[in-house]
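Below are two complexes that have chain A in common, paired first with chain B and then with chain C.
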Partner chain A sequence: MDTLLIHALNSLLYAAVLFLIAGGLSLIYGVMRIVNLAHGNLFAFGAFVAAWTVGRLVGGPTPTPLLYLVLLAGPFVAAALGAAIEPTLLRPFYKRPEEYQLLITFGLQLILEDLVRLIWGPYPLTVSSLYEGMGSLNIGESIYPTYNLAVIVVGGLAAAGLWAFIYRTQFGIVLRATSQNMRMAQAMGVNVNRVYVQAFTLGCFMAGLGGAIVVPQQGAVLGMGVDALILAFVVVVIGGLGSLEGALIGALMVGVVRELGITFFPEVELAVLYLMAAGVLLVRPAGLFGRA
Partner chain B sequence: MSSMPAATRRLLLAAGPIIVALAVLPYVVDPYDTVLLSYGLIFAIAALGFNLLLGYTGLLSFGHSAYFGVGAYAVAFTLKYLKVSSMELFVLAGVLASAVVAALFGLICVRYTRIYFSILTLALSQVLWSLAFKFFWVTGGTDGLRVPTPTLLGVSIGAGQDKMTFLAHRYYYYVLVIFLAAVGVMWVIVHSPFGKALQAIRDNETRAEFVGVQVWHYRWIAFLISGVFAGLAGALWVPLNGLTTPDILLWTFSGEIVFFTVLGGFGTFAGPIVGAVVFNYLKTFAVGYTVYWQMFLGVVLVLLVLGLPTGIVGTAIRLWGKRRKTA
Partner chain C sequence: MAAEVSRRDFLSRLGVTVGAAATAASVPLVGAPALIERAHAQPKGNIPDTPYKVGHMTFFTGAAAVLGEPSYKGHILAAEEINAQGGLLGKRKIETIKADEAAGTDANVKEMRRMKLSEKIDLFTGVISSGNTPALGPEAESLKLLTIFVDGCTDFLFDKAVLNPHYIFRITNMQSADGVTAAVATAMTWPKVRRIAHIHPDYSYGRNAFAHFNIVMKKMVPGAQVVSEGWPKLGTTDFTSHITKAIAAKPDLLVASVWGGDYVAMYKQALRYDMFKKMKFTSMIAFGVAPHAIGKDHPEGVIAGVHSNYYFNYPPQDRWPLNSAFVKKYLDRWKEYPNFQSEGAYTTLMLLKQTVEKANKLTGGWPDDEAIISQLEGASISGPAGYLHIRPDNHQGYKDAMTGFSVNSPDYPFQILDPNRIITIPIRNITAPPGWPAPSGEDTRTYTWIDKTWPTVKL
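For the complex of A and B:
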């Protein structure tokens, strides 16, 4: 029973981080119809900024609880980066064929990958003191790190917050209108350029948040962006490109399958995930919650 | 000669001097440069295949690393399990294996177009990557599998012969002949009624269907041919590289195939060839020059897409056309 609970919590842990990455990717696709191949790098960027900032302050006079808030530097810098990228690099491409959009984000992926190396060097950054600082809980016979529970809570809050933002605010209405019919929204007086930059920034903020919250547990390492992107792809393909509900369900499914896979079939765990994505695409090309 | 289509005659006129130049090259430049060009020609074969889908059929595959990688691993497996080292058998194994995988993946992928096609091809290529990565007792995992110098047409590398000399001469000519054959075959394909049908599908799927083109079927065959070209390139690539690792199955390598096709210009026949060769020089230069070569390539790609969307060959043709008009 305890082990089952631990497995369930681990699945939720994966799902929480994956949702933050894939949710942003899906939001950006839903509004702007762009598959951002550099999205994983914004996740990595958030992680490195968070790790670096906290690393400066750790051991200093800053009280430890405040350090957890300092992690938020990651998402904010990622968001700022997103706000700079969209108008300069992406905007010229909305009217061009999809091939060019994929290529420009692929180029961006190459650039950001090395930008991280240029700024922070090739070695991993860790702030494991934040991870250990929270201690652990006893669940029956087993011990579970409290920080992992905190990540699950943050993921849940992010999902709830995003839902409220998109379905309960004025901005959300504008965002959904633009997503459904960009021309019509424009005709109704929506400043589409502004919505695009806001959506992209929000997506990057989520990716950065995902990066920041994994830092105490896993640290920030080169290549984490590319790995994350591929898993996020699986999630959005299963859930449906552009659908946030889909990203949530997809993240949960991938979280569960990964946890099962690591326990029972570690060799084919990744292959099973990709096959799952391919299988969903075959039956429902637009994903479980997508609209074609 | 007079019965030949004008396009083919133009090709032979333009290609003649280039073929002569390629043939005398090993006697003029360093072995290192010849080997570098071999890589370029091999990538060009993959790019030619890739462009049959992108340029001629209008499908952007983001998973062509799969077929290249299958070709490469087929060679490594042939060596490992069948204990043969004949290059002809290697090429055969690479072509057959990539044909099987491309036929299977193609069945799945060609039902979709646009972004869904791209993502599906990417997802399937990642399946192979993760298998190569995880089944280390078969594939060697990240260490990969070593493939030493093969025998070419039954002749093995002479005792005491320098490997570099071998690669820069005999292996280069081997690659060159296969490359020229591949270019010829692709030229015939795109100028055949089949090739024209693909272009009709690209331009207007519905109209193509109405005039009797079996869209699904044609796309599948194009996918198959495209995969086989990539597999052939993969098979030729392994002995040159000496090693095959899961990296060549990763989606970022698919991205590179897209990159060099766009660099050369996917709207033209020669574009992918030029792009692959230029990209190979560019990457080798960047890797040798700086650890931040990815950033360098990324900047080139962004500038290219922003400034020269028709690629090197496309831009050259446009400039040439302008000059002729003003003259």
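For the complex of A and C:
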């Protein structure tokens, strides 16, 4: 029973972070029809900003509970970056064929990766005192880090908050209208440019939040962005690109299957996620919640 | 089947030594200081003053940049030192062209070709990944490009990809030495371990470490069994599931070859699970990353491997001036301590310098590649890590394999290897001897050699 609970918590932990990344990716695609290949690097950027900022303050006079809030520097900087990128780099390409958008976001991915290395160097940044600071819980004979539970809670809150935001607010209605038919929304008086920049910024904020929240547990390392992007793609391929429900279900499925893979089939841990994605694609080419 | 022996006899036959006291035996000191002081002899004949172009390929981006950066820094340090003396033979300044290994194997092969054909490089060096040397080796041979790999340590380079190397050499110890060294150190330190959990990155390095650790344990700790396996993808930083799985198997010992940023993430997560209080821990390469990346929170007293090559406090700096000089120069230049890649890249250029000087004495003028190669085969050099010998048959660099135990010291802001408990093993005793046939399957020469010739310890 305890073992089962631990497996469940491990799956949820992985799914929570994945949802933050894949949810943002899917939101941006759903509204703007842009596959943002730099999305993983915004996740990494959020992680590095959070690690660096907290790292400056650890051991100083700042009380520890406040340091957890300082982690939020990550998502806010990632969001600011998104707010700057959309109007300057993406907007000029909306009228062009999709491959231009892929090229520009791919270029952006390389630039952001190099920028991170230029600013913070090649070595990992860690702030594990925040991970240590929360201690552990006893679950039967096992112990479980409390911070992991906090990550699960934040992931859950983010999913609920996002749902409420999109289905229960005025802005959400405008967002969904633009997503369903951009021209019609424009004809009805929606300022599409503004909606785009808001959606993109929100997506980047989520990616940055994902990055910041893993930092106490995992640190910030080069290459984490590309790895995150690939996993986020697995999630959205399963769930359906552009669907938030899909991202949530996809993240949960990946979390559970990865946990099962590691526990029972360690030799194929790598393959098992891709096999699942391939299986879903065969049965439902647009993903479980895809609209195409 | 070879005869049974006691573990103590076995270890002494292998020549395993522990601690600072052993260093006098494993690293003879006589004459070493003289090597650095040696007067700069005038070269024979006319030497052109055209730059000597070196291509250095290593990881500048991605997770492996934690190893690539030190490699490049070691290389640049050596190049600057040689250039400050006027260059090779006092005339030819070293000019470095760098390339990012993260481009992928196919792109790396093309880049090597481009460097040779367009940039006209004289020497190719660097390379971290074991996935790349088996592709770059044959290409260098067909380009007739003098190559000294710093790492890319897979046994398969000389066991399979290039059986009779002419143009290519390699500095660091072979990959199999990591698993073997870790297992020998484990058998010596904790002979009672029986239940063993493994966590290794899922690619050639991790597979190789797992296989060689197990074959040595079979010989030295009969009855030891693998009770849990974890194969995270390279680049994994969430080890929660791997850790809980390993703990649930209730092992006596955890063995891991996870490295770099992945390893830093792994040990920090494992701490929160009290993992290191519940079992012993042996790693092949925990301290292989740049020294300052390991925090003081790292568990003490575990076997913290350094890719069986080099850690900056061994050979002890007061007893091996080449190392103290190197560490000081590196620290002054880069404001950080060197790792095994720094040492390997540095020694590579110093080996080139020594070889070119030797060849010049024999031939006069600038020696051609054939003259340099003939002097590299069988060459010996005293480097920061101790003596390095280039085996003439397979062009592989050999130096004593080493590992050690982690300890906190007030002298450093990070955790170090305990200088009083360094374990060294003469490399010839843990690698297949010249002439041992290359196996046809997936096994390495060293694997089949150990399997067929090592005795089994009697309990």
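The criterion applied here is as follows: the second predicted complex is superposed on the first by the 292 of 292 C-alpha atoms of A that agree within 3 Å, B and C clash if a C-alpha of one lies under 4 Å from a C-alpha of the other, contacts with A are read in each partner's own complex, and residues count from 1 in each chain.
The rule is short, and it goes like this: a contact is a pair of C-beta atoms (placed from the backbone, for glycine too) under 8 Å apart; a residue touches a chain by one contact, two chains touch by 3 or more.
These figures come from a predicted structure and were not determined experimentally.
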{"item": "Superposition on chain A - do chain B and chain C clash or fit", "value": "clash"}
{"item": "Which superposed partner A:Gln218 touches (first chain B, second chain C, both, neither)", "value": "second"}
{"item": "Which superposed partner A:Arg117 touches (first chain B, second chain C, both, neither)", "value": "both"}
{"item": "Partner chain(s) touched by A:Phe200 [first = chain B, second = chain C, both, neither]", "value": "neither"}
{"item": "Touching partner for A:Phe289 - first (chain B), second (chain C), both, neither", "value": "neither"}
{"item": "Which superposed partner A:Val35 touches (first chain B, second chain C, both, neither)", "value": "first"}
{"item": "Partner chain(s) touched by A:Leu270 [first = chain B, second = chain C, both, neither]", "value": "both"}
{"item": "Partner chain(s) touched by A:Ala278 [first = chain B, second = chain C, both, neither]", "value": "first"}
{"item": "First (chain B), second (chain C), both or neither touched by A:Leu108", "value": "first"}
{"item": "Chain B versus chain C as contact partner of A:Val226, first or second or both or neither", "value": "both"}
{"item": "Overlapping segment of chain C (options 4-12, 76-84, 130-138 or 400-408) - the one that collides with chain B in the superposed model", "value": "130-138"}
{"item": "Overlap of chain C and chain B interfaces on chain A (superposed complexes)", "value": "113-114, 117, 226, 266-267, 269-270"}
{"item": "Parts of chain A lying in touch with chain C, wherever the complex brings them together", "value": "3, 6-7, 10, 13-14, 17, 113-114, 117, 121-124, 126, 128, 131-132, 136, 142-143, 145, 147-148, 214, 217-219, 221-224, 226-227, 258-259, 262-263, 266-267, 269-270"}
{"item": "Interfacial residue positions of chain C with respect to chain A in the complex", "value": "60-66, 68-69, 202, 229-233, 235-238, 240-242, 244-245, 247-248, 260-262, 264-265, 268-269, 271-274, 289-290, 292-293, 295, 297"}
{"item": "Of all residues in chain A, those that touch chain B in their complex", "value": "35, 37, 89, 92-93, 96, 98-100, 102-104, 106-115, 117-118, 226, 230, 233-234, 237, 241, 266-271, 274-275, 277-278, 281-282, 285-286"}
{"item": "Residue ranges of chain B in contact with chain A within the complex", "value": "54, 60, 62, 108, 111-112, 114-116, 118-120, 122-124, 126-127, 130-131, 133-135, 251-252, 255, 258-259, 262, 291-295, 297-302, 305-306, 309"}
